Structures are given as structure tokens and as C-alpha cells.
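Below: the structure, in C-alpha cells.
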Amino acid sequence: MSISTLCNKEVICVEMGTSVEQVGKMMEEKNIGCVIVIDNEKPCGLVTDRDILIRVINKGLSPKDTYVDDIMSELVMTLDEDMGLHDALEMVKGMSLRRFPVTDKNGNLTGIVTLDDIIYLLGKEMYNVASIIKSESATL
Amino acid sequence: MSISTLCNKEVICVEMGTSVEQVGKMMEEKNIGCVIVIDNEKPCGLVTDRDILIRVINKGLSPKDTYVDDIMSELVMTLDEDMGLHDALEMVKGMSLRRFPVTDKNGNLTGIVTLDDIIYLLGKEMYNVASIIKSESATL
Amino acid sequence: MSISTLCNKEVICVEMGTSVEQVGKMMEEKNIGCVIVIDNEKPCGLVTDRDILIRVINKGLSPKDTYVDDIMSELVMTLDEDMGLHDALEMVKGMSLRRFPVTDKNGNLTGIVTLDDIIYLLGKEMYNVASIIKSESATL
Amino acid sequence: MSISTLCNKEVICVEMGTSVEQVGKMMEEKNIGCVIVIDNEKPCGLVTDRDILIRVINKGLSPKDTYVDDIMSELVMTLDEDMGLHDALEMVKGMSLRRFPVTDKNGNLTGIVTLDDIIYLLGKEMYNVASIIKSESATL
């Protein structure tokens, strides 16, 4: 299974220069905790709901006059959409990150994968394999 | 294994009447995404970093003049600390919640359990059992 | 969840003095790979289909004139039926065994648990928890 | 991860015409529960320790004068070594089988994969991902 099949393709993107106020409302409407920031059609950063709390509110800044450019985390890693799940896991290990943008060969964003998506997939497969083992004759 | 062994005992509590500004800073310092609200020594609500975004910032309210009382989610369920993991899982199924306060027999808060804690424990046990099966003779 | 709930209660037992020929046929009819040997109403040993191959056939012995007493593995460990799954896992770790007889307080056999049963249960729970996480709002 | 990386390459093969007596001893020496039967350099069947019990001993046949040809299970499915784990799982679902021979493009045997191998791999990955989630900041 490639990352392309696994990833969530309805990722929400915003342009550089978008205000934090707008992003906060978008996160509420779309029921998401994270947006990807785009610069010249390429993903360049990521902003989470928690970033808004820590980097804007706790600093006493105004969400209206603060922009994603100022608070985004730079993308340290994107996953290639043709990569297999297991190769992706090798890359992801050792990074304290929970979400990974997925790009095509030209570096254009095609989706996002979270560790929760991966846990779900592994859990489903584990259950499938365990069910086969259980149903197989003479396991007792 | 009882929930008591599994749960995180360093849960951060705040009294009713605490301002959202204070809670936001506490979440940053303690590196947590959630606090439990206490009323008369009993847990009565829960506030997450996301709640601050949705229920305060997006509504244009001031974190300084808004209080946990106004934005907390009421506790729909607490887990008993003597409960086993599997009974707890039965209770937790069907609820769209990720964090569960844990209480003793008198209803006093003793910790908090997240679905992530449970995933970690199940993953660890799965790996242990799979390792025994792999090492056992003549599995091929 | 106690081991009592998890274990397979239709375990097949044979008395000391039963011939290997009889046991082999029982394993075929009941579609099982293992029987428990009983002495004075207490479980004392275990015979698997593989034991019959290694300890009877490969030695050129006759299944008709060989008895479970001669080829059984002594029980190194039984699990108490009131034990929780997680305590049972602690005991089971480090043993290269796949099947564990379950007894009540008086040492009477009440069932059998295999590592495959445990894998199945853990896989099912993992899948349940992962499904809750996936359905929970704003995980992206 | 391809099936090629996952599979056990030290699979034991026997030619058509090998006696069950020889196979039984081989299973003991090599500590395996299954051999693959080869015809003209291609895998054509599979014999397990349990097959010897059910199809030879229980029928009163002599292991010396019975041959793998008479008791083997025909191969219903082989996995291609270039196949990914997840595609392999799709193929494997719904079959009540525990072991799958792996072949290269020319149909030559290169290894064998068991459901236990797959459980082990999934368990290891689950544990890895759960560990990342646990270590990640602010999950509480």
C-alpha cells in the first residue's frame, strides 16, 4: 500500500500572508487541527491549533494582525506519495512529529498523513491477520 | 492491569474561576494539551488547548476575562482506578473522546488516561506476544 | 478481562494411560493440535500433534503401544482463571510456550489459553481504540 | 517493505518421492513444522507435521512406505517476492492458511512467509508508531 492510498487528500491549505484569525476560524469550520501553508504552490509550513495558543495568544499578540508566516513550523519532512507504508515508517521514526505532508514527484502537495492514520491501518491489518489465525483449523 | 497503573498521575488541575489566560500559559509550561477543572475537590470539567481556540479566540473573547467555568466541557465519564483495562475499553467504546479522568472510590481525581496511552500499552503487549511466537520453536 | 473470559473452555483431556493412537484420532476428530493429560482430576501434562511425530513416529515406536504418560510434556505453568490478561502476559513472557492450561482455585482445569487467542484479543482491542481515535474530531 | 524482505529464506524443500519417514526426521532436525515439495525445480506442494499425523499415522500407513506425493497439500497460492506486505495481506485474507511460499518472477521458490511473521512485523511497527505518539509533546 502506498502512502498515496493511505493519506487524507482533503488537506486544508492557506497562502502565506493569511491571518491567524482566519486560520482559527477555518480550523473550527473544517473541524481540523492543522493547516498547511503554501508558498508558490509548494508546501512550506504547518500551523496547528496548539501553535495558535502558544505562539499568538500566550504572547499577547492579536490573531487579526499576526500571520501564518510568523508562527508556522517549517516543514522538516514530506513523504513521497509513491512511498510504501513501511519505508515511510522508517523515515518517520525518531522524529517527534505527528503529521506529514505528502507530495508528488514535482513537490506539489497531494495530501497529509498522521500517525493516527497509520495506527488505524496497522490495527486493522493486525485484526485481519489475527482473525485468520483464529479461524484456521487446529490452532488449539 | 488496572487503570490505576496505566494512568498518568501528573494531571494538571485548576480551580473553577481560573482565567483562560492562566490556563493557556500553564499548558505551555507543562507541555500539556488539557487541564481538569476542580470544584470542591471533585473533577467537574475539562479544557483543552483546542477549546481555547474555538470557544475563546474565535469568538473574539479576551483570555484574561474569560474563565474555565465558561468554556469547559462537562465530564461525561470518569474511569474508576480499580477498573481493568478491558472493562475500561468497553466503557470507552462509542464515545468520541480521547481523554478520561480517573477517580478513586470517593470520586477524587487520581489521574488521567488517554487513548494514546492505551494504544501504546496494547502495541507493547502485541509486540511482546508476537516476539514469543516468533522465538517459539517450529513455528515455520 | 479475566483469563476465565478469554480462555477456550472446550479443552480436550485424556487420562494417564491413554494410547497415542487414540490421542492422534481424537486430534483429528476434534480438529485440535493439543490435549491435556489428567491425573487424579488434576492437569499434569500436555501432548501436541508435533510431539507424536517427534517422540513416537521418529523414534520408530508404535502409536498403539505408546502412552501419553511416556511422551507428554510436564506442565511448567498453569494460569489462574481469575488472573487479568495483563498479569497473565507478565507470567507468560520469557517462556517459549504457546499454550497455557487454566485452572480454578482448587487446581482443577477449566480451560486453555493460546498465544493466538491473546493476539486475537489484543488485535481486536487495538482496532477498536484506533477506530475511536480515527472517528474523533479534529485529529488531522 | 516487500515480501522478499519479510520472508524466511531458509525454507526446507524436498523432492517428489521423498518418504514421510525422511520428512519427519528432517522436521525434527531443522526444528520446522513444514516442508515444501518441489517438482522440476518448481514448488508444487506443502507437508506439515500435522499432515503426517492425520494422513499417515491415523490411517495406519507406514511412514517408510508413504511418500510426500501422496499426502502433500497442493499449493493454492504463492506470493510474488516483489509484492508489498499490504497487497499480500489482501490476497491472503479469506484463505484459511498459515504459510505461503514466496516465488520470484520465474516461479522459483525463494522463501516462505507465515502469518506469525506478519503478526510480528505489524506488532513491531505498531509499537514503533505508538512510541512516537507517546514521546511526542503535549499529547496529554
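When the chains are written out, they are named A, B, C and D in that same order, and each has its own residue count from 1.
One rule holds for everything that comes next: a residue touches a chain if its C-beta (ideal position, glycine included) is under 8 Å from a C-beta of that chain, and two chains touch if they have at least 3 such contacts.
Since we're looking at a predicted model, the values are computed, not measured.
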Any chain in contact with chain C as well as chain D: A, B
Name the chain whose C-alpha centroid is farthest from the C-alpha centroid of chain A. C
After a C-alpha superposition of chain B on chain C, what does the rotation angle come to, in degrees rounded to the nearest 5? 180
Contact-pair count is greater, between B-D and A-B, for B-D
Return the distance between the CA-based centres of chain B and chain C, expressed in whole Å. 37
When the centre of a chain is set as the mean of its C-alpha atoms, what distance in Å lies between chain B and chain D? 43
Provide the C-alpha centroid distance between chain A and chain B, rounded to the nearest whole angstrom. 23
Touching at least two other chains at once: which residues of chain A meet that condition? 27, 33, 49-50, 116, 119, 122-123, 126, 129-130, 133, 137-138
If you look only at chain D, which of its residues touch chain B in the complex? 8, 11, 27, 31-34, 49, 99, 112, 114, 116-117, 119-120, 122-124, 126-127, 129-131, 133-134, 137-140
Chain C contact footprint on chain D (complex, rising order): 24-25, 27-28, 33, 49-50, 52-54, 57-58, 63, 119, 126
Partner chain D, residues of chain A touching it in the complex: 1, 50, 84-87, 89, 92-93, 95-98, 115-116, 118-119, 122-123, 125-126, 128-130, 132-133, 135-138
